[in-house]
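The two complexes that follow have subunit A in common; it is paired with subunit B in the first and with subunit C in the second.
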Partner chain A sequence: MAQYFLEQARVADFVAHLLASNTVYAPHRKGSRSYAFAKADDPAAVVLDYPRTLSSVKKFFLPPREVLLNFDLTLDAASVPPVEPGNAVFLGVHSYDLAAVRRLDFNFTTGNPERNYLARRDGARFIGVSYVPDKFHFAGSVGIDPYDMTGCDMFLTKHADGWIVDIPTGEGSELAAGFKLEAHDEPKPPRAHFTQHVFVPQARLGKVMEASYDHPVWNETADACLGCGTCNLVCPTCYCFNVQENVDIACTSGQRERSWDGCMLRGFTEVAGGEFFREKVAARQRHRVYRKFKYISDVTGQPWCVGCGRCTASCTAKISIVEIVNRLIRDSERDESILT
Partner chain B sequence: MAKPRVAIFDFTGCEGCELSQLNFEDQLLDILAQVDIVEWREAMDDKADEYDIAFVEGALSTPDCIKRIHDIRRRTKVLVALGACAVDGGVNAIKNLHPIEEVRATVYGQDQYLFPTLPALPLSAVVKVDYNVRGCPMTQAEFLRVFTSLVMGKQFEEPDLAVCVECKLNENECVYERGMICLGPVTRAGCNSHCTNFGQYCIGCRGLVSEPNLKGMNEVLTSHGLAVDEAWKRLQLYNAYRLQGVRA
Partner chain C sequence: MEQQIQQFGAGPRELYLPEMAVITEVRRLTELETLYTVELPGGRDLGHKPGQFVEVSLYGIGEAPFSISSSPTRRGSFELGIRRVGMLTDVLAGYAPGRKIGIRGPFGNGIDVSKFTGKDVLIIAGGIGLVPMRSLINYVLDRRDEFGRLIICYGSRSDSELLFPDELAAWEKDPRTEYHVTVDRGTEAWTGRTGVITTLLPGLALDLPNTVACICGPPVMYRFVVMALRGRGLPDQNVYMSLERRMKCGVGKCGHCQINNTYVCQDGPVYNLPDIAKLREAL
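What follows is the complex of A and B.
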């Protein structure tokens, strides 16, 4: 496939070119040392070389909060607010975040298709970028290469002087049309190595998890865990939500609102009658890890964790999902039945 | 349906919560249209014998407070605690950290015998409280949710999750990333992470979550190189009553 080159000095011009005919979302600086996807407006503010964003692009398809229904109590009527199709360009997406979008696509098309997610997802075009793994990334262990361009319409690979450009789809060619890119025929620079690894592939993880239901790691982790739910809320493949209804002060009209929720939260496990079906933090932590490496994976054969490292990087208690999983692997491998 | 009869009372506090009700300017007429306010010292002179809903602000800190709150509880069907003082004892409970006689002598000097005083208590330490509106001053959006739930005869579901949740929904950079102490991980959300949205740290005014992991919190502070004793002083600002007997 033909390759092109984008000099670092022309990145802002390229963003401006995209902005001329598209809505573009891209990483920007946020706070003192973080990054977040935001609507691009000033090309110079877009950052392509970043470790990870606080939230993934998931937030554009499954927003943190959204209104599902407007109702009027005096008229006894309700209406579903229209959902705008996305039709946007997502620039600067890492391969693990795109892998996460594919997982969400699966979750939201299996069973009842999720109308709002699919509508927002419609027309999305992705321009991926490579990244250098930091001390939290472990995507390589779950089979997602930093140069993987699955799902991308364009892909930018970091080079000393700029970016090597791949254009694998017709949509990508349309995005690039009218912007001068020189052909480039040298091979891509070698990938930087991951420093974090999960020791075994998914094919064996299901068994490891099965053997680890009563492992002491769950209680030990629970001693440090604050049960704050951060690890769920930053995860690009988590999709649990809560639904609440609120009425206006006159009690005549209101809204049904959906917002992100998480299985680490105590209230998430509360059901009618005041029962808690996973009252202990240890049980919730196990559930979280099983949701990434067992429950959905048993059905799809794939890890539902994409190795972005967000949960570990964002945990104030510094609880590491890689350490938990590797400890389970080590201990279960001592058990003969798993080895054979 | 007859309009609910509402009464509003205050105990030991700054009356900031009641004032924030009066600040509802735009909504005040809508509120009044749905209830009959039958007693409210701060805004009117009338007194009533019975009410459907009593909104009560402030902590209990004198023998007289205890008598009055029992009296209010007898007269009302539903009792709502308004603000950090009523819900958790609030800043008043800092005095509980010192011997009560010493506190009394320091505050009232030679007139101390004219002013009987007790360790500060949240309303729930003495009477049954049906709903809480937390915050210092109380979170207005939460007041509206409690209010509309009561008018509609629905149960209000009190949030029991950490401020971290709202920080994540708002995609804020974690305050710990900026090297500051934040009480968000053990403090009840419901404020839409108001302070951290504006670059501040959480001071814990909405009180602790139902099961705070305080040992874990100490570890978090230590591993970030932050002062545990400073953090505990901040925790006690609003949680001195609940943390009585609990050590850093």
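What follows is the complex of A and C.
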């Protein structure tokens, strides 16, 4: 495949080129230490070299808050608000976040396909960028390379004073059309290494999880865990939601709204009458980890964690999903029979 | 997974918009429970199976799942037996015939009655668990010759909380229905059996291989009933149960009703015991 080169000094020009005919979402600085995906407006404000954003591009397909129904209480009638197709360019997406989008695609198309998600997802084009793994990333352990172009229409690999550009799809060619890119035939730079690893592949991890239901790590983790649900909120593959009713002050109209929810929150399993089906924090931690490495993974064969490191990086109590999983692996390997 | 992305044009159906239905009858069952008869536009059948549920919407208040209490053999409308336990059910308790409510569903797998055909049907219902079981009971009663014995075991906290008293009396009189009832604590007027529901099981004469059991009740009840049925020698594959969880969306998306790897709103609420015996969060 032909390769091109984009000098760092021309990145803003490239963003301006994309903005001329597209809605573009890209990483921006947020405060002094954080990054967030936002609608690009000022080409110079887009940042392509970043460790991770606070939340992934998930928020554009499954917004943190979303109106499901508008209702009129005087008529007792409801209508579904239109969902505009996304049709946007997502610039500067890391491979693990794109892998997470593919997992969400699976969740929202299997069983009952969901119009809201799929309409927003429609027409999305992705321009991936490579990244240098920091102390939280472990995507390599779940099979997602920092240079993985799967799902990308263009891919930018960091190199010296700029970016090596791959254009794997026709849509990528359309995005690049009219913007002068020099051909580039030098080899790609050596791959960056991860410092965080999960030590067995998913095929064996399912068995490790199976053997670890009563492992002390759940209670020990629960002792530190605040049950705040931040790990759920920042996870690019978490998609559980709550639904609430908002009524205007005159009580004549309102909205049924959904918002992100989290299985780490106590009320998540509460039913009428006050029964909680996963009341203990330890059980909720196990559920969270099993959601990422067992339940859906047993069906799809793939880990539902993409190794972005957000849950660990954001945890007030410094709970590390990598440490939890590696401890389960270590302890179950002591019992050879589990893994053979 | 790559292929999934190609399928976006498929035009998925609307998942979250309720259909407006009318409450045609309101029957107070006890101080807390009410039976609502609900009619869809044009008297269309809901098209449900026993054991399925619907999501009921009161705009401005919210939406909640309720099991369907009527049998699909009773056409033209359906019934919901609802206990007052929260905001939505409190508001609903003030509703009179003619009021509209939103309905989504039916959802869940329901009971595969073909597996019960020709078998002796043992119903074990605790408290408000009789509401969904009544759908199956009336299904069996309406197609009586397709089934063997109908054995109903019903337990309630008190005789003042017994639901559907007219129907209980009819079952007691019906020579083809074996009806057993017990209450945890009876009032002074109670002359029947006292004790928890499992006390009804040892005395039953059962043709074990030919008996299917269906259980519904409060969460604490299941493991004790399962132990009692195992004690009687009933094979696990003959035992079905309907489980309650927080089924918020009903369409397998919101995540609230998950038990280990199963979604109650999709794979349940009716489970065959061997399918959930190994699920630690189930019972």
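Note that in this section the second predicted complex is superposed on the first by the 339 of 340 C-alpha atoms of A that agree within 3 Å, B and C clash if a C-alpha of one lies under 4 Å from a C-alpha of the other, contacts with A are read in each partner's own complex, and residues count from 1 in each chain.
The criterion applied here is as follows: a contact is a pair of C-beta atoms (placed from the backbone, for glycine too) under 8 Å apart; a residue touches a chain by one contact, two chains touch by 3 or more.
Just so you know, these numbers come straight off a predicted model, no measurement behind them.
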Checklist entry - Of the two partner chains, subunit B (first) and subunit C (second), which one does A:Phe199 touch, if any: first, second, both, or neither? => result neither
Next on the checklist: Contacts for A:Tyr147 in the overlay, against subunit B (first) and subunit C (second): which applies, first, second, both or neither?
Outcome noted: neither
Next on the checklist: After the superposition on A, what does A:Phe108 contact: first (subunit B), second (subunit C), both or neither?
Outcome noted: second
Next on the checklist: Quick check on the superposed pair: does A:Gly31 touch subunit B, subunit C, both, or neither? Answer first, second, both or neither.
Outcome noted: first
Next on the checklist: Per the contact definition in the header, classify A:Gly273: touching subunit B only (first), subunit C only (second), both, or neither.
Outcome noted: second
Item to check | Broader residue contact with subunit A after superposition on the shared chain, subunit B or subunit C | outcome: C
Next on the checklist: I'd like to know which partner A:Val247 touches here: subunit B for first, subunit C for second, both or neither.
Outcome noted: both
Next on the checklist: Residues of subunit A that sit at the subunit B interface in one complex and at the subunit C interface in the other, please.
Outcome noted: 244, 247, 251
Next on the checklist: Which residues of subunit C touch subunit A once you look at their complex with the stated criterion?
Outcome noted: 1-2, 4-5, 7-8, 10, 12-18, 20, 57, 59-64, 83, 85-86, 89, 100, 102, 219, 244-246, 248-249, 251-256, 258-261, 266, 280-281
Checklist entry - Okay, in this complex, where on subunit A does subunit C touch? => result 68-69, 71-73, 76-80, 102-103, 105-115, 118, 121-122, 150-151, 213, 239-245, 247, 251, 254, 256, 258, 261, 263, 268-273, 275, 277-278, 283, 287, 290, 294-296, 298-300, 302
Next on the checklist: Looking at the complex, which residues from subunit B come into contact with subunit A?
Outcome noted: 27, 30-31, 33-34, 144-145, 147-148, 151-152, 157, 159-162, 164-165, 168-174, 176-178, 184-186, 209-213, 215-217, 219-220, 223-224
Item to check | subunit A - residues contacting subunit B, complex | outcome: 30-34, 36, 54-55, 59, 64-65, 223-230, 233-234, 244, 246-251, 259-260, 262, 265-267, 281, 314, 316-318
